[in-house]
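Heads up, the next two complexes both have chain A, just with different partners, chain B and then chain C.
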Partner chain A sequence: MDTYAPPPKLSFDTHPSRYRHWTLAIDGDIARLTMKVTPFGGANSELELKSNSYDLSVDIELADAIQRLRFEHPSVKACVITSGHDKIFCAGANIYMLASSTHPFKVNFCKYTNETRLAIEDASQNSGIKFLAACNGATAGGGYELALACDEIVLIDDGSSTVSLPEVPLLGVLPGTGGLTRVVDKRKVRRDLADAFSTLAEGVKGKRAVEWGLVDAVVPRSKFADTIAQRARDLASKAPKERGSKGVPLDEIGNEYRHVSFTVDEKSRTAELVVKGPTDATLKEDSSFWPLRMARELDHALLRLRFEHENVGLVIVRTEGDKQKAHEIGELLARNDSWFIREVRLNLARTLRRMDVTARSFFAVVDEKSCFSGPLFELLLACDRSYVLDADRVDVWPGSLSAGALPGWNGLTRLQTRFLADPMKAEKVLAAAKEGPIDGATADKLGLATVFADDIDFEEELRVAVEERASLSPDALTGMEQNYRFAGPETLATKIFGRLSAWQNWIFIRPNATGERGALTMYGKPERPQFDTRRT
Partner chain B sequence: MDTYAPPPKLSFDTHPSRYRHWTLAIDGDIARLTMKVTPFGGANSELELKSNSYDLSVDIELADAIQRLRFEHPSVKACVITSGHDKIFCAGANIYMLASSTHPFKVNFCKYTNETRLAIEDASQNSGIKFLAACNGATAGGGYELALACDEIVLIDDGSSTVSLPEVPLLGVLPGTGGLTRVVDKRKVRRDLADAFSTLAEGVKGKRAVEWGLVDAVVPRSKFADTIAQRARDLASKAPKERGSKGVPLDEIGNEYRHVSFTVDEKSRTAELVVKGPTDATLKEDSSFWPLRMARELDHALLRLRFEHENVGLVIVRTEGDKQKAHEIGELLARNDSWFIREVRLNLARTLRRMDVTARSFFAVVDEKSCFSGPLFELLLACDRSYVLDADRVDVWPGSLSAGALPGWNGLTRLQTRFLADPMKAEKVLAAAKEGPIDGATADKLGLATVFADDIDFEEELRVAVEERASLSPDALTGMEQNYRFAGPETLATKIFGRLSAWQNWIFIRPNATGERGALTMYGKPERPQFDTRRT
Partner chain C sequence: MAQALETIPNNVDLSSDRRLQRALEQWQPNFLQWWNEVGPDGFQAHQVYLRTAISVEANGWAHFDYVRMPEYRWGIFLEPHDKERVIGFGDVIGQPVWDEVPGEHRNALRRIIVTQADTEPASVEQQRMLGKTCPSMYDLRNLFQVNVEEGRHLWAMVYLLHRFFGRDGREEADELLQRRSGSSDKPRILNAFNEPIDDWLSFFMFTMFTDRDGKYQLAALAQSGFDPLARTTRFMLTEEAHHLFVGETGVDRIVQRCAELMAAGKDPRKEGAVPFELIQKYINLWFSLSLDLFGGEVSSNAADFFAAGLKGRFREDTLEEHKAMGRTYRMEVPEGGKLVEQEVPLRNAMNEVLRDEYVKDCQRALDRWNKTLEKAGVTGMRLRLPHRRFHRGVGPCAGYFFDPDGKPISEAEWKTKESGWLPTAEDRAFVQSLMHPVFERGKVANWIAPPPKGINGLPIDFEYVKPPSA
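What follows is the complex of A and B.
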């Protein structure tokens, strides 16, 4: 059932002026994001994206819009997400697209859409942009999951429009974008009602949808627009923080990076990611500001890695540049609390979290050329291992940013997660860095090196580790990493990536979903799916 | 790769006098559990269980021994788990057994062994029996996972014995019994060291094993026995509670139940589980005491359901009997704090948690005959749905037990988990029950009924729901239920069942593990496994 057809060519660069599926309109402190998917305008131009169903190209635009709200529209305090269709809010991910995709693409598609939903919640929690899902028609599957990512959900009460999660009854798979988790953990719907809801293909509407906690309100068509407008104003008035007035336009990334070099060796199935430090440590309030551009390039490279280089299993992460300048810019980021700097920090935190859920191994290499300083020090912590050369002029330099500004998915800093057994060790690293760069031997003693070796052994140790990694089962590595990267407390996000996604991955590969007579394969055909009825 | 060969015939009844693989010896307040697996003495008598590798029959004996320590040996405060072999502690689950098993059996085998490990931790936390793993030789895979479930791990320092998790490098699967979770979440080993450890087939020994936090101490052979004896005495002396002096022998369950009736309809793939209330509400300090015998029968039935009736997807849960007596016995259980009653409560809590991770749908039916009263009220909460008949003499009667004595895997009571959105609702249910049984309409209003219907609709609603459930993908239902049953806080157990097991299930079904050239299939053969190298 899995084919090796090349994945569709994708660009992660877009701009509101080029959106095919969304419109972003700003009116004072309220934004309106309207979804009207172009039927044959997706990544695969032969696939009809009916009923506001989406593919990755639709979600790339949504993610872009959320980013631009944060950087380009600091006056916005509330955002209405709605549909440009009359009777349909959104039908979720396009089933034919999913059914015809390879397993790796399915998994990476779901991961990306999950990251976009979590970015909406991050914007709400940390940037004070409150989201209102104005469900002006049928809100199904991924459509309802999009609504669930918003702070409030208002459903039209027209006698027919429902919210639904029809994946289990219609497709034999799970709602793949956090739906199950958000139903019981965010909206805290009673488990038995959640069960009934998620097996009811037709969904739930009207008063019952409110009673069960699936939506916050239902409103008749005649009052819908006014209610949405009023609720958006209320949300905006409750938004905690004034941000700014003048936005910072985000330039295009393209494939010519300035601060990141990303090279792939398909033969050894490894990639090398080199992140270059800043040449200038001063604040620039535009998109060329190093920590912003660098993180956006890193993010872009991670997405290309996921979608364009499926066979690469290991990424060697290196840094280069001026440690002093990187340190200074890290301190600037940590201490300046303007809205723009806050957004730059939040963006960097999201990029590092994108790395945390990228199903590839990451080994950091720290040698004489390295610049694991300031913001770049976090890259070392985000890697599965760190190889530190025992030589002069090899050092690392954590700064104030590592004390809390860049939390991982579990809500802790990466230093806290690393030293879960002894929280004082995280403090010791931060204290040592106050004196200046930490030399290799001290870094090793402080617990920052997985392997600390002199130049006689270093290259050999690394070479063996790289070869060994390439010899291991890619699936077992993914499973192992996803368990080891999320130690400590659980959050909605760790539940979504750690638990829900793992079940979905299992189900995606089961014949009951994707076999010849599986439910996903048979969707839209006259015959019924056939199941292996053994419960496991 | 999946065959439909019938699973091996298993008995969940055993007794120390009949153990083939373990010896249980008691010396004052210290017990010693010695593993010496009979090579051809497993469930499949043609399979050699070399090097203290185990199959389900070995784990059934271990689970039995832990139960008997609690009930039959209340004087025991510390238990040493060790091996009867000289150079091998335990090699983990037998690979050939795993490789030749069906996917459902693999999954259920891992689930059972996980429950046994968690029962060890439950005995440590709640019964004051501290466990010491005396690793007197190689401690590999499931062997190390068994040690991880203990309070302390001491490894022999003989120049060769290691602890290891070789599943990823050797078998292309995960350590399936909580190993990854306990390494980073219980022992809080640094993530990068955990990564290195779990890809190192040969494992880690000596000083490094202590430094990495993998074991608590390494001890040379000459001092091993004395050190273990001393540490066991220390653990016993730190045990918080005196339990009792005279134990309560556990009788055999067999397949003739007294308080539970379990019938299967293979055609509709449903089962009916009827639990009968007590005929006598007085305390009996022996194994015939109703809450003990009833829970043990229920546990036994759940295990038979899992292993012997793979195609049954839905269980209708009914209760019968005298509500007043069930209420009284529940109050007795909740209020009496003798060691025996505490063990009876803890046993009931474990049985209900066994239900929580049983991959079948459970619908509770509440009608005139029902007795969802006292301990049996929790059954309603443990089910995915409750169907309550709107008629006279239909009521439910929660008691003090539901206020905290029977926590779920997430550490909350089932009422708290049900009413996560509004904790006051849990209090209201408990308050209402103080007045006596809660009638159907009130129960519905309080949030205890998924469906509340009068006799005109009741049977039809239930019939349709049962048929609908049978029509859905068994895999999607399992995934959905495992996400909905664990709302709220996460614990080691929810991480193991929710996350680790889901990844393992995914990996178990992937060709990279179980395909013709998968790593698990190829284990022990001269050729190397072949991998689809796409990372997902």
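What follows is the complex of A and C.
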């Protein structure tokens, strides 16, 4: 049904030296990320990104900057996020970009920006980099949502700059980058005030913004720079501990993967993702270190899957390589607590969580060539189903990493989530693995195999499952998978992906937003929107 | 304070509106404090021959008498109510006008009103030091007339905020007194209102060009479906006309002085008058700054305001068609280094439509000044409006460089030629050097021609401003 042009092909590789919209400056233990979006410098060079509004290309640079802060600048303890414009902090996602995008692109754009905001919070929580939003002007929509992802928000008090979430009153959609969730769940704004705030297009400024809990402080222009500098120093001094002094530069991923292969069969709408185990189990403190490079390639492949292969509905996940070495490197990752190894673990955890919210079916295939060992064992758990061949030399080997270092969005390990009914089963898997690789039959008994079949049945089982999957509604599958992938406790992230995003994606396809006279369609047009007034 | 409230001239039944009384009781002392702090400096105790509106009757809006400015009777007047009035444009055309704020448009209306209101006190602040360098007592009085009327316009807007916008309105009204022109911490909302006006050439340019934007904004709001706003702005327009008169004739007198000297073969600069090129530079500056006040050439807000019946076109009631749907407006916008013609839905081009009327009106004044040059016998030199792409800080031309003919040029070329197009620091210093006060009755500074006639039929040498009695 979409009549729009296909989304532009984008590179997810970038580097501060090539940023078009951000500058990253490091001064001792304080970093400064300054947003100044190049108006016609986005993914679509025809589209003017006015008033520091952003598109995917802007967010790719932000995500890159956060990654580099963690790996390349371990001395940084606080990061100020601000704008290079005088009166505008950030106007959020560009409306015309959204309005002219396909539904799948909108959804994936929001998902990516959500992951970036959550990565900021992950860096704060787990890497001790505290973020300060220095809102030096109007902070609207996605701009305020970016600020909400920071630990502290300081707004300029100039009599006119506001923080706002104008999506509901102006566009008939939701602030889809965690705004609603963080207002009440993170900043704990009272629900009635949150309600008033989110229907007030122009937002809230000054004293009231502080009273309502929307920002931490408002500061006049003459004191703004000093206050920000002081608060950044305070944040840095409160940061938990020194991470390191010498960073690890991140190389470019490009399209030539070393440890991951990703092939697409457009005809059957399936893809095959093969992750190769390490050839060397020793620690290397650079970006070629296998768990780092492998996870970054996997991450890259997942993003390309999302943005470039809309029609692929099912991904067969395979692993291959030396199980022993994979196991050893997993143990190394779990036991070593240097800052670099911690970052490698956190990065791996984020990549797996990217997989958790990728709207594709994932089936793991475990056969003789497989290497679901150490870090790669988590891939099996991240899949919707696992097909295990009943044959000799087919085994899986969970390691210490699976005991807590790689939590999912719900805060639990994937084993805990899998065995919610009986937490002892997770323990049993880990205990069994202490003895060495777990053979197929045992894995099946322990609850790690969806289908355990011998060579007579295996191929057929898999073929039928793949074909059956392809026949089901892609939308229903996405919804079903998202409901099942993170059972258990709610977190900010599960609420964002499972509640906010789900509502948003529903609203996005409703006529009241994107119909001929929907609010999003009509934005900036000469006519006003018309609503179907029936509540559902 | 109750007594003071009773002295507020009004036609809004203030004496029986308790909510409004309460709000104004709190606001009025703050207003007076603001006036004393940042109103005309050095003249608060003088007796000034001022016009006061005391009713909306034909003879009521122009009551002349001596008054000390802090005792000026700032009134609240709306054009009389027309019960039959219907909304004259947009999607809701033909429906009865709103006497109360429709919830749907509350925020947009508040924003429109606050933005308009903010300019009123701003200009008083910008002009507060000018009295000390006035070119004549006549001009001094006109300055103060403009100032007190800007004060009254603030009252008129504050009335709307207090009467129709509840707590938010009261807070906005308070903030109108807290922002300050040119302040880095709490600047006025629009940029042109943060520029200092520290010489009389700038003052006349401001009242000519910037106040004229006000006229067009008010005229567009006078069409509003929100009736109290329409009625308020209509009454304000009668006063605004005087401000434009002050600006247009002020510049005209400067042109005349310059022209007389040139025609006599003298160099205006050496004679202590304003040279022709400098007048042109000030026109370039103030015209371009004022064009920005209309907002972006393509604007979704403008389209929304029109569609919703909040803000119409100039003299919308005299147009033939009031929906502006399915029509387009062609404009040239810079794109990748060259100008490209673009077709914009008419509603989205409403700012530009209003700007068109403004430019026409400005050209009329320019023609008048050129006639003055001609009459004085100056040949070969005429004043002109720069192209509307020139020196813009708002809209698609902002960030690009154009010469006064509207031709795209490089930044390098702009840098070498800017000083020939816009006032430099030396130019400003020169104008400043001319600013010596003339307080003597009937006398006029050397750099400006005397006015052709006095105020309210009085002679030019009338004592328009009396010092405080000893």
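Just so it is clear, the second predicted complex is superposed on the first by the 534 of 536 C-alpha atoms of A that agree within 3 Å, B and C clash if a C-alpha of one lies under 4 Å from a C-alpha of the other, contacts with A are read in each partner's own complex, and residues count from 1 in each chain.
Convention: a residue touches a chain if its C-beta (ideal position, glycine included) is under 8 Å from a C-beta of that chain, and two chains touch if they have at least 3 such contacts.
Fair warning: this is a prediction, and the values are worked out from it, not measured in the lab.
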Chain B versus chain C as contact partner of A:502, first or second or both or neither: first
Which superposed partner A:485 touches (first chain B, second chain C, both, neither): first
Partner chain(s) touched by A:418 [first = chain B, second = chain C, both, neither]: first
Which of chain B and chain C A:169 touches, first, second, both or neither: both
Comparison of chain B and chain C by chain A residues contacted: B
Contacts of A:116 with chain B and chain C, given as first, second, both or neither: neither
Which of chain B and chain C A:101 touches, first, second, both or neither: neither
First (chain B), second (chain C), both or neither touched by A:524: second
On chain A, positions contacted by chain B and by chain C: 169
Touch list for chain A against partner chain C, complex: 40, 157-160, 169, 200-202, 220-222, 523-528
Interfacial residue positions of chain B with respect to chain A in the complex: 2, 102-104, 107-108, 167-169, 171-174, 180-181, 183-185, 187-196, 198-199, 213, 269, 310-313, 359-360, 383-386, 417-421, 447, 450-451, 468-469, 472-490, 494-495, 498-500, 502-507, 509-510, 512-513, 519, 529, 531-536
In the complex, chain C residues that touch chain A: 91, 107, 111, 175, 178-179, 184-187, 189, 300, 303-304, 306-308, 324-325, 336, 345-348
